[in-house]
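After this come two complexes, each holding chain A, first together with chain B and then together with chain C.
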Partner chain A sequence: MTTGIIRKVAAAGVVAALSVSLGACTKGGSSTTNQGTSANGTTELAMWTHNAGNEEELGAITAVVDDFNASQTKYKVNIQAFPQDSYNQSVVAAAASKKLPCILDTDGPNVPNWAWAGYLAPLEGLDETLGKFLPSTVGQYKDKNYSYGYYDVALAMFSRKSVLEKHDIRIPTVDQPWTQAEFDGALKKLKDSGEYAYPADLSTGFTGEWWPYAYSPMLQSFGGDLIDRTDFKSADGVLNGPEAVAWATWFRSLVANEWVAAKGGADSTKDFVNGKSAILYNGSWSAKDAREAFGDDLVVLPPPDLGHGPKIGGGSWQWAVSSSCSAPEGAMEYMKFAAQDKYVASVAEATRNIPATDAAADQVEAFKPGGENDIFRQFAKEFAVVRPETPGYPFIATEFTKTAQDIINGADPQQALDQAVLNIDANQQSNNYFE
Partner chain B sequence: MSTATHTPKAKVPPAAAGAHNHPVVRAAVALGRVLLALIFGLPLVFMIVSSFKPDNQIFADLASINAFLPLGDLTLENYLGVFDRVPFARFMLNSIIVSVLTVGLGLLVNSMAAFALSRIQFRGQKIILTVILATLIVPFETMALPLLWWSNQLPWIDANGLSQGWLDTYQIQIVPFIANAFSIYLFYQYFDSIPRELDEAARVDGANWFRIYRSVVMPLAGPAVATVAILTFLPAWNSYLWPLMVVQSEELRPAMVGIDYFKQLNVSWGQIMAYATIITAPVLALFISFQRAFISSIASSGVKG
Partner chain C sequence: MPPAVTPDLAPAGNPRSRTTLGHQPVTVAWLMLVPAIVLMVTFLIIPIILTFGLAFTNARLISPEPARFIGLDNFTRLFSSPTFWRSLQNTVVFALVIVPVQSAIALGLALLINAKVRGVNFFRTVYFLPVVTSMVVVSMLWMFMYQPNGLINVLLAKIGIDGPDWLGDPRTALFAIIVLSIWQAVGMHMVIWLSGLQTIPGELYEAAALDGAGPWRQFLHVTWPGLRQTATFILITITIAAFSLFTQVNIMTQGGPLDATSTVVFQAVRTGFQQQQTGYASAISLVFFAIVLVVSLIQRYFTRDKEARR
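Moving on to the complex of A and B:
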């Protein structure tokens, strides 16, 4: 048996070694190394995107790149797609080894941090063009534009007209959203009906960036914030002031009253579609599944006005140029080319997201005034609050997530928020306020 | 130290043996085994069954035993979706290349190191073994970034000549994981249990150290080879963080990274289950093939996986 095992392992090793020696040890064909000047004088630019596995968006981006490559002969952009879930780690690792591509996409709230860290270069000559983009689709740091996105997404409440009418709950509108009392009253009615273990699904089962993206707008609607935006130095007074404590107390009460689960399911849209919840709080990407399930019975609602108007998070994936690009003029040329309204429209249409410009929205049926998704664009225009544009945001986001989870699990609001402020302020200070 | 073949079976007192034969005890033991089998088996059953269900049904079934039963609208769509969405064959080939080479080279290097530490007397032998074992307490995550930095400085020669940096290659997925302290320790422990008289007899016959290693010790180390092969194969096959950091090209990505392709804003749960089922199959197959030797070595070395 022994010799058999050794022989099997050795044979397998030889087979694999041969496979590798037959050319497999060479560098990947379209990696960062695939940028530079080729024999025919064309400068090749590597471009990274988070869209591996997302056929629609990758297809739309590929079409933009193909158009650019066909429009001139000086530059050739090569796409390398990464899976979204692990994209940031790949970029940070590449930055650590000084192997960033020329063009890359980035999640909006990371832009200030990556700009401060020196990964990104400011976008030159695009100010006028980007003036027409939704503010939440342009990444800025220290008054300079570093990135732009083709689209934004919007947070919304989803429900069924039939359910709300059955329980005598008013259907809110953009002009007349639910007040806090109305929202609480609606949840109480639904809970008292006995039809739902948890009437609202706020997608508390999600992890990571979802927490600050989804729940800091509720804090802002109460009048609090993640950091004092006058100078981005301290969270004191805004994340632990009376408004923030009121938010935390209310947020905790949602769970205490069993209106919301402390930890929801892995896929809140699927649970909503299966009738497990009456109200879903999620992004505009849920609309397709919900509409397919409920048709005209589906209603898309603005988030409640918790005192300072409804708020939703702003900022999605955006395109940027790396500071280490060996052909920055080529990268900038691509960025200008790709910022045309027709490309904003085509990518937004492929992803069913909110087009970044008015002109593009006019080209996408669903987002034209009265279109089935126009309401999300209204939300983005009326209610979007960009996450704090400070390099300290990733730390703030992690701290907020931890604190919000503690609160929802029963922590004392004031104590939990005070601790979060201490930690955030210490981080800002230890980084010399990122100046 | 002892091996399965050298360890005398523990003598069980007659009274205790009698208690173990009592029907109630046997029933309790059997029940315990069934429960353990369910705890470890049900996630696999859920994964396989869900891979044939549409996403909505997976979630609708979660509240009942149906989650573990192949009921409802069963379909192969998830499997077809997997092949549409990721370059599956390429990812599998990459994982096979990386895992097999890591295991093959690991067996060679680690067994030789263990042989030297176990058989050849030299100054500082124990210190070297201690230092090797001490590296076991360093989690990979803490050295990932320094390793990345160093890997980026290393030279490489290929058809295009000399280049710098190993990023985005196969070798960076293999070489850092060939030498493994735990594997050295397992081999060392096992070699120590093989009577030295065998070496001495071979030396009398004129064998050198390599000959003793190849013809005397290794042929007796089958269970250790199987254990090390499995324990090396598993992390190599499941490798996720490292390839995420060092591989940029799709054509070099291993299968585990491929699972991220399904985690978009709208997660394709059925496809994730189908993909997980397919990439779990080789691990199960390997374990089943080596099961007897693996268990024998675990039992003899006292290692609890």
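Moving on to the complex of A and C:
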């Protein structure tokens, strides 16, 4: 009898719990998605962005949306901003409960994953427009465009003319970057001068996506890669081949020679500005602080050519349309409207990032040919490699991060890379190669 | 409600509840239980059952494909993963150090602040402060202190020791996390020991003193036997807390360097969320569940043995 009661209570508990959670979902859904048709025939489209807390970017995006809403009466786009830290989880949760907004922004490397998962719809009728965008600002999966971004960021080396000249180090250019020997030689000279505990700061103190973004281009410059991009089935031979082992051995040698710290400070730009390092490896976003500190003494250098030309990571935040949008034609209309050069220019200017099109770059002072930030645009055009366009990328990214960290801390290069290949291949295979 | 139920919940030895209030206590008892049961079922029982099921599938966090049953594949993969064995080893080492050291230090502190001297409340508060501070905050603070040029190495340099890069060196990283974990949690167990100490009647100490027992023999023959129940409680809670080591690792080292601080729970979270492998992460959680269950049963066996002997 007691068990009977317990069973009844347990059952009641489950029912109560379920109804509570279901209630919460319905409520959350209706209050956040904001889509549907209102009385006067205007279709409302919800739009999500990761920009809460980033006033400049949110302001620029809001201006685009306001222009779109004013330009016609059929559709009205409503912006909802999320903090970046919880944005991806929000999208995944919304997708699981079929509450995705019509328009949303995504981090470039996630696009294939979300496209494969069926969150995103391919962009129709934009091929010509997007042909003018920097390739790294357009998210593709299986030869279809799924997203575009207003800007890209570029990786670069920062140093000071006075420091390099004092130590008799050649200042490299886009046409003539440092070779591996020159780069190693420069670090050795700076180290031997005794002025720096660690002459170069490669921002090894950063965590997460920074590692594949910043260090897989070095691997690619050696001739390796994260995965074989012909069919995205296996990393064997590219992530553990002789080129990759050479990269790993070199990467470790930077730390073993005490040219680079295994774990740098939390803010590498600040350390550079304070003179703790002679060479900084970071994104184009560091330019502002560094330029304020050093003025004309600051030099922006391409990353070294480690065998196959300098490489930098490509792909930043981009806009996409969800597959569950109830008014896809409205969402597509917005995407077309928002892809105008003047909006590319205004958003890129507000965020101080590289404008995605040539025409937009002409409208932003700093990125005009000869402008102070034009060099980043040249890097993005010449050196950018997007992260592998496979839905397995998020997994590859975590494996690469762990492997690179292990290598820099002294793990055996061949063994560490073999293990990473084993894990990545197992993941690709267990998902039937995402076909 | 059938009357036959009553004896189960209201002991027959307590006639008052039956005669004056009838069946009401039973109803009230169930009503009071409902919130706890609902929460336990929703957030504990259902997830555990789901974990059991998911561990045998290839379920993923993001996927257009439905999960497929793949038998023991996840477990085969897990047991052949060097990271898993390293994580398990770290977890066990952490627990083996934390359990005796932390409970001993907590007991020492409790004995100190149980003394009747002026200002003892001040010390109680100070020792307890880390407990009410969030582990995230504590981890961030210690991360700064552990930096190669941080507070700890600056102090060590003053006495001529060249301190290591505590969190960056595979040989010192786990030790560094152990020290910070003890510092953070020791106050909690100090308070529990203290409550145990205060249940020991003062007459026992007086009697022991009259019989000529010094402080050490008083501790051995009066204090320690009086604390047996408290000791059992502390042993079990510290063990479980030690096995679920996660926050410090996640914030300070992310399992590195070279897996030196990876733990089973950290590996499960990393696999399930960052790597999106829900099925595989469930398998890790299931193994973890089994380990904690076995350890708890062993502890239960030993503590029950002691109770029977008394």
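Just so we're on the same page, the second predicted complex is superposed on the first by the 403 of 435 C-alpha atoms of A that agree within 3 Å, B and C clash if a C-alpha of one lies under 4 Å from a C-alpha of the other, contacts with A are read in each partner's own complex, and residues count from 1 in each chain.
As a convention for this text, contacts are C-beta pairs under 8 Å (C-beta built on N, C-alpha and C of every residue); 3 or more make two chains touch, one makes a residue touch a chain.
Worth saying up front: this structure is predicted, and the values here are computed from it rather than measured.
Peer 1: A:A262 in the overlay: touching chain B, chain C, both, or neither? Say first, second, both or neither.
Peer 2: It touches chain C, and chain B stays clear.
Peer 1: If you tally the residues of chain A touched by each partner, is the higher count for chain B or for chain C?
Peer 2: Of chain B and chain C, the partner in contact with more residues of chain A is B.
Peer 1: I'd like to know which partner A:I171 touches here: chain B for first, chain C for second, both or neither.
Peer 2: In the superposition, A:I171 contacts neither chain B nor chain C.
Peer 1: For A:D406, using the defined touch cut-off, is the partner it touches chain B, chain C, both, or neither? Pick first, second, both or neither.
Peer 2: Only chain C is touched by A:D406; chain B is not.
Peer 1: Looking at A:E55 after the superposition, I want to know if it touches chain B, chain C, both of them or none. Which is it: first, second, both, neither?
Peer 2: A:E55: touches chain B, not chain C.
Peer 1: Go through the superposed model and pick first if A:K270 touches only chain B, second if only chain C, both, or neither.
Peer 2: A:K270 contacts chain B only, not chain C.
Peer 1: Now for A:W285: first (chain B), second (chain C), both, or neither, which partner does it touch?
Peer 2: first
Peer 1: Who does A:F395 touch here: chain B (first), chain C (second), both, or neither?
Peer 2: Touch partner of A:F395: chain C, not chain B.
Peer 1: So which positions on chain A get touched by both chain B and chain C?
Peer 2: Overlap of chain B and chain C footprints on chain A: residues 1-2, 5, 9-10, 12-14, 16-17.
Peer 1: Quick check: in the complex, which residue numbers of chain B touch chain A?
Peer 2: Where chain B meets chain A, its residues are 55-56, 58-60, 62, 84-86, 93, 96-97, 100-101, 103-105, 107, 145, 148-149, 151-152, 156, 158-160, 163, 165, 167-171, 218-222, 225-226, 229, 241, 244-252, 257-258, 260-267, 269, 290, 293.
Peer 1: Along chain A, where are the residues that touch chain C in the complex?
Peer 2: Within the complex, chain A touches chain C at residues 1-2, 5, 9-10, 12-14, 16-17, 21, 92, 95, 113-114, 116-118, 207, 262-263, 394-395, 398-399, 402, 405-406, 409-411, 419, 426-427, 430-432.
Peer 1: Taking the touch rule as given, give the residues of chain A at its contact with chain B in the complex, in rising order.
Peer 2: Result: residues 1-3, 5-6, 9-10, 12-17, 19-20, 23-33, 48, 52-55, 80-86, 89-90, 93-94, 96-99, 153, 265-267, 269-271, 273-274, 283, 285-286, 288-289, 293 of chain A touch chain B.
Peer 1: State the interface residues of chain C toward chain A in the complex, per the touch definition above.
Peer 2: 1-2, 4-5, 8, 30, 33-34, 37-38, 41-42, 46, 58, 60-65, 77, 82, 165, 167-168, 170, 254-259, 270, 274-277
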